[in-house]
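All chains are identified by letter, namely A, B, C and D, in their written order; residue positions are counted from 1 within each chain.
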Amino acid sequence: MKRFCKVVSVGLVSCALSLSALTSSADRSVKVLGWGAQSGPLKSFGVNSETALRSAVAEINAAGGVKLGDGSMAPIEVIGYEDSACKKDQNIAILRKTASTTDAIVGMGATCSGSCQAMFGVLQKKVGDSSDSGLQMPILADTCIRPGLAKISEWAFRNVPNEIAMYDALFAWLSQQHPDIKTFSGGTETDQGHSFITHTAVIVQAAIKHGFEWVGPAVPELGPKVKQGMKELQAAAKTQHWLMGDTNYTVQARKIKKQNPDMILVSSHPFSACGFLKEMKRQRVKPKLLVGLTSSASQETLNGCMKEAEGIIIPTGFAPITAEAQKANDIVGKAGGFLDLHSAAAWENAYLVKAAVEAAGITASSDSVDADRAKFRDALASITASDGLIGPVSRDTATGEASKPYVYVQVVDGQWKVIHDPRG
Amino acid sequence: MDYYLNLINTIGIHTLLGLSAYLLILTGQVSMAQAGFFGVGAYTAAILTVIFQWSILSAIGAAMLVAGGLAFLVGFPALRVRGLMLVVATIAFSEFARMFFYNLRWQVVRDGTEIGPNGTMGFAEIRYFNNNGWLNWEVTIFLWTFVVVVMAIIWWSDRTRVGAVLRAVGEDELAADSTGINVTVVKVAAMTAGGVVAGLAGSLYAHQVTDLDHHTFTVLLATFAIAYPILGGLTNVFGTLVAVVFIQGLLVEGLRFLGDWRMLLFGALIIVAMNFKPMGLFDNQTIRILQNALGIKRRGGST
Amino acid sequence: MLEVKTLSKHFGGVRAVDGLDLRVERGEIFGLIGPNGSGKSTLVNIICGVLQPTSGDILFEGRSLDGRAPSARLRTGIARTFQNIRLFGGLTVWQNLWVAGNSTEDIKSQSIVSRWIGTSTRLKKEIEVMLEFSDLADKADVLASNLAFGEQRRLELARAIAAKPRLLLLDEPAAGMNQAEVGELEKRLRSLRKQGMTIVLVEHVMQLVMGVTDRIAVLNFGSKIAEGTPENIQQDKAVQTAYLGQSDES
Amino acid sequence: MDDFWYEFVEVTQTITDGLLFGSTYALIGIGFTLIFGAMGKLNMAYAGAALAGAYAGLAAFVLVKAPLVVVFGVSAVAAALLGYAIYFTCFRFIPTHNHLAALMASVGGLFFIDEVVVHVTRGSPLTFPSMFDDIYFEIGPFGIRGDLVFVFIIGLLSTGVLLYILFKTRLGLATRAVAQQDIAARLCGIGVHTTNSVTFAIAGVLGGIAGAMTAAAVGVLSPVMTVPLTVKGIIVAVLGGLGSIPGAIIAGLFIGGFENVFLYFRGIDERDMYVVALLFLFLVFRPNGLFGSTITRD
């Protein structure tokens, strides 16, 4: 009898507990808020990222959501996706809005590197530095690809491909594949910080490192570390330059034609890349090989210049080559978005949030927001390995830079085809 | 709260920018150079606080001087061009300033990292306020002190003979000249004052967003600078403030809930506003309505 | 007072003013008449410095005005009104008078004080006088653009006088006025002369010119065809044929 | 000697390319100058409408695989309609003397049109069918783009047509009358509003062709182009002397040529700097542009 009572009472208590747990978790949710360019020329980036993020979150919730600190399960809730128009002040406004008027534990967004640079500057530089009045709000960015942004604040995280490693490996591979290719040349758009720095300090350097010979004036080696100092850039800035909005590429194309290299690097976003490719075609410039900027491994390039881009090789952090990548691709496609290296990062970030939340064991109640944010940041900072769509992503906790698996894609018959898969 | 303070700061900065154009439009000069002066002010102040570690006040002062001096120099050649020609000539100046910053690379190494303007990579980590532990409301008070002072000065001078002279030159240069007003002096003075105010706005902006690059100081910004006084009306300084609140407060931030339809509405609402209030949102009519509502008896016409 | 020496102004081939000599004595009202296009307004604009002469010189109180801006000439004591009224329409009547009169020093010292706070009673009084003189006292706070035509003419005259000039150039001040208004204008001109102001009056309205002027010069095709008292001019055959004959119809 | 010859060829080629490409600027500039000539006002939304027209043409191409002529036709018509719409929304009901309000309204128009395009295309760059793209005349060491020659010819043709309309037809007479004395014109029974709206429509037609031309010359269409094209157009119109169509053409070619020369010698980072500096000086020393009458309305 006694034992019976004991059993019953224990049962009741446990029921009660679990019930309370259920009820308490039912009205709780892990809130995140996203933003990106949804107006202006870069609208497609923001739209794709939002679609990817929401789809991924839907997947996670369908699978039961995330486990909170008290062991109960709660869904992730995207409480909004703002339009930042790639303007500094708007990005900062949204960041502050997220931090001060919402319960979001992490902000996921910002399309443009320039805006990220401003946004990260508003954050607290070093965690726990009480003399620094910067915002204490974790940001997990899917783009912001420009090298060296993560160091601006310890609250800022990026899930972007490591371009240095990517291009290094690409040219290593190319030098084996195409022993016939000796010389190379190329151009970039100088008004886009990301394209410019990546071209001069990463791509060109990697090519030189792997024995390709620069046509025309020599470019000094920058060494392994990306420096942004002026001397190197000016020295390296011997390539062809244009602006993102330019419409006339005759001079640059002719100079390259004159150099007549085996390989041409077009480190430029889709619009100007297409303009330049078309001009090269007009002037009958026929390189043996074309290499592009990772940001151009997207649908936009195909929209802009399918014919001219034929054969261009680009390393990218995403391609539907694994089962889950394919699955994600289909889901996002159905939802009306494209999954490219940027939006794929947005997808992965949803899962990163899940991992970090479960590692941090947050409470996710409206009165614990600040504590949750701090815990979440620490957890995110301590995550050294996570599963990306096309393979494991490792993160250097010191610099906060991710290094993601990558593949080489090429435009073949007007479609992106994976031509080499260096993973593992 | 923080969010609204930030919005108020933005409004303050843009009000200053608008007022700098307001001064010029009073004298009949539609100047697109304000974006240039804004940029000069921003970069000057930022370089001083970041590279030379000046205090914010002295940096702002210097920025105002530099921008003002530049405006003074631009003022003289600009005298020769009128109307649309002036618009384009000043666009040329703004673009020149922008391209200058576009090419400006001046980096120094401080505790391990390179800081300073880095050409197209922008000028990151202008964190004077944060590094010195300023809270956002402190920044707001600091910033708005400038705004209030500038507004007060312009509001007052609008009521003095100086204001009347400015407007007279704007109304009819020949007549002004024939009534003994030295048009050259008036116009250059207005240009200089505009430069000083724009420089002030820029120096505050730089520290508000912590990051500068040439993308900010485009023709678009110059267009906004003249848009504020035109949209608000030239009746008095509050017109500009009203216009800034309308654009930054309502169209940009207020309509966020509309998602990407917000920017569609942006242009449309400007058109509507100009059609229904060609003399500006804050024209005499509005003022009269307000005064009747508040029961203020107005003294002496539109002085 | 004012000497015009062999003054010429050519627009391309057109000789608007052609080797003109004039002499205006202190304190007189000097009439300047002639058919349309005879160069009267051009002459006024040259004297005020709006146009630069092709050749010749202008002496004001013995000193050459060559190369001086209109504003500078106003400060030396030459004020003018415009043939087609040019007021500051966006300013009130009061402000129009306030802005003018740059010549006096004490107004400069009061540049940064409001009309209501700080402006010396003396300056206010001066402006009051102007308003009385051109009976616009009740219209002080009306926007100039909202004034009636006659009132605008009166205000422009007042604005010119506000500068306390010693020489006043009136470019067809009576154009478009009715008899009564012309009468009032005549009275005003006389009272101005009493105050010792020298006036050059360019006018088509003969009633006014013949009534008020001491001497008249007649221009035709940019050169002087006659000069003298109103009586002489009315007798002058050349003038009658060249001008008065036509002006009856006009 | 060899180097000299090489340099000579290069520079000549550079200038030629620039001049030819300048013809696209010229076409846009003509539109601005036409509208200014007609009502002394600046239509900021003009280039935006021109590109929007090109998008319409592109739509025709994508949806029904329309031939190039039709594409250009659609662009022209669409831009004309837009031009009329702009007149109606940004100029028709705003007091004539109030230039600033009209200017501002048309800026709003620019933002609106641009954002609609972005909304529809998601801002993604789109291939534009290029004409005579494969034609590339190679004369000795020189090469000339066939399509740019075509653009150039079209530019001259449309100018001819315009001048004819302006100086030989009653409409043109009315336009010029309105431009010079709109009250007098009204008294003579010329409907100012009809005349103006027709002017906007004509300018629109031109803009549509210009937009399509530019798009075809680049081969890609993107909202990124709008603001630079607007600025270029205004600069060209002003440089040529507001209201002067031949002026606009020459100015357009000038800008194109100088751009390329500076690009060749100083590189992209300094190109625009020198171009605008030159523009500033030019305006200071010749405040009315190349063929400017002394109109100084704003």
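We adopt the following convention: contacts are C-beta pairs under 8 Å (C-beta built on N, C-alpha and C of every residue); 3 or more make two chains touch, one makes a residue touch a chain.
Since the structure is predicted, the reported quantities are computational estimates derived from the model, not experimental observations.
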Two chains joined by the most C-beta pairs in contact, as defined above: B-D
Chain whose Cα centroid lies at the greatest distance from that of chain B: C
Chain A-chain D separation of Cα centroids, rounded to whole Å: 39
Computed distance of Cα centres, chain C from chain A, in Å: 75
Centroid spacing, where centroids are CA-atom means, of chain B and chain D in whole angstrom: 30
Whole-Å separation of chain centres (CA-atom averages), chain A against chain B: 36
For chain B, residues that touch 2 or more chains besides their own: 102, 260, 263
Junction residues of chain D, two or more chains touched: 115, 118-119, 227, 269
Sites on chain B touched by chain C in the complex: 156-157, 159-162, 164-165, 167-168, 170-172, 174-183, 299-303
Complex interface listing, chain B residues touching chain A: 1-3, 6-7, 10, 102, 105-107, 113-114, 118-122, 124-127, 129-136, 208-211, 213-216, 252-253, 256, 259-260, 262-263
Parts of chain C lying in touch with chain B, wherever the complex brings them together: 48, 50, 69-71, 74-75, 79-80, 82, 86-92, 94-95, 98-103, 107, 110-116, 141-143, 159-160, 163
Chain D-facing residues of chain A, complex: 39-44, 47, 190, 241-248, 250-252, 254, 270-271, 274-275, 278, 281-284, 299-300, 303-308
Contact set on chain D toward chain B in their complex: 36, 42, 89-90, 93-95, 98, 100-105, 107-116, 118-119, 227, 231, 234-235, 238-239, 242, 269-270, 272-273, 276-277, 279-280, 283-284, 287-289, 296-298
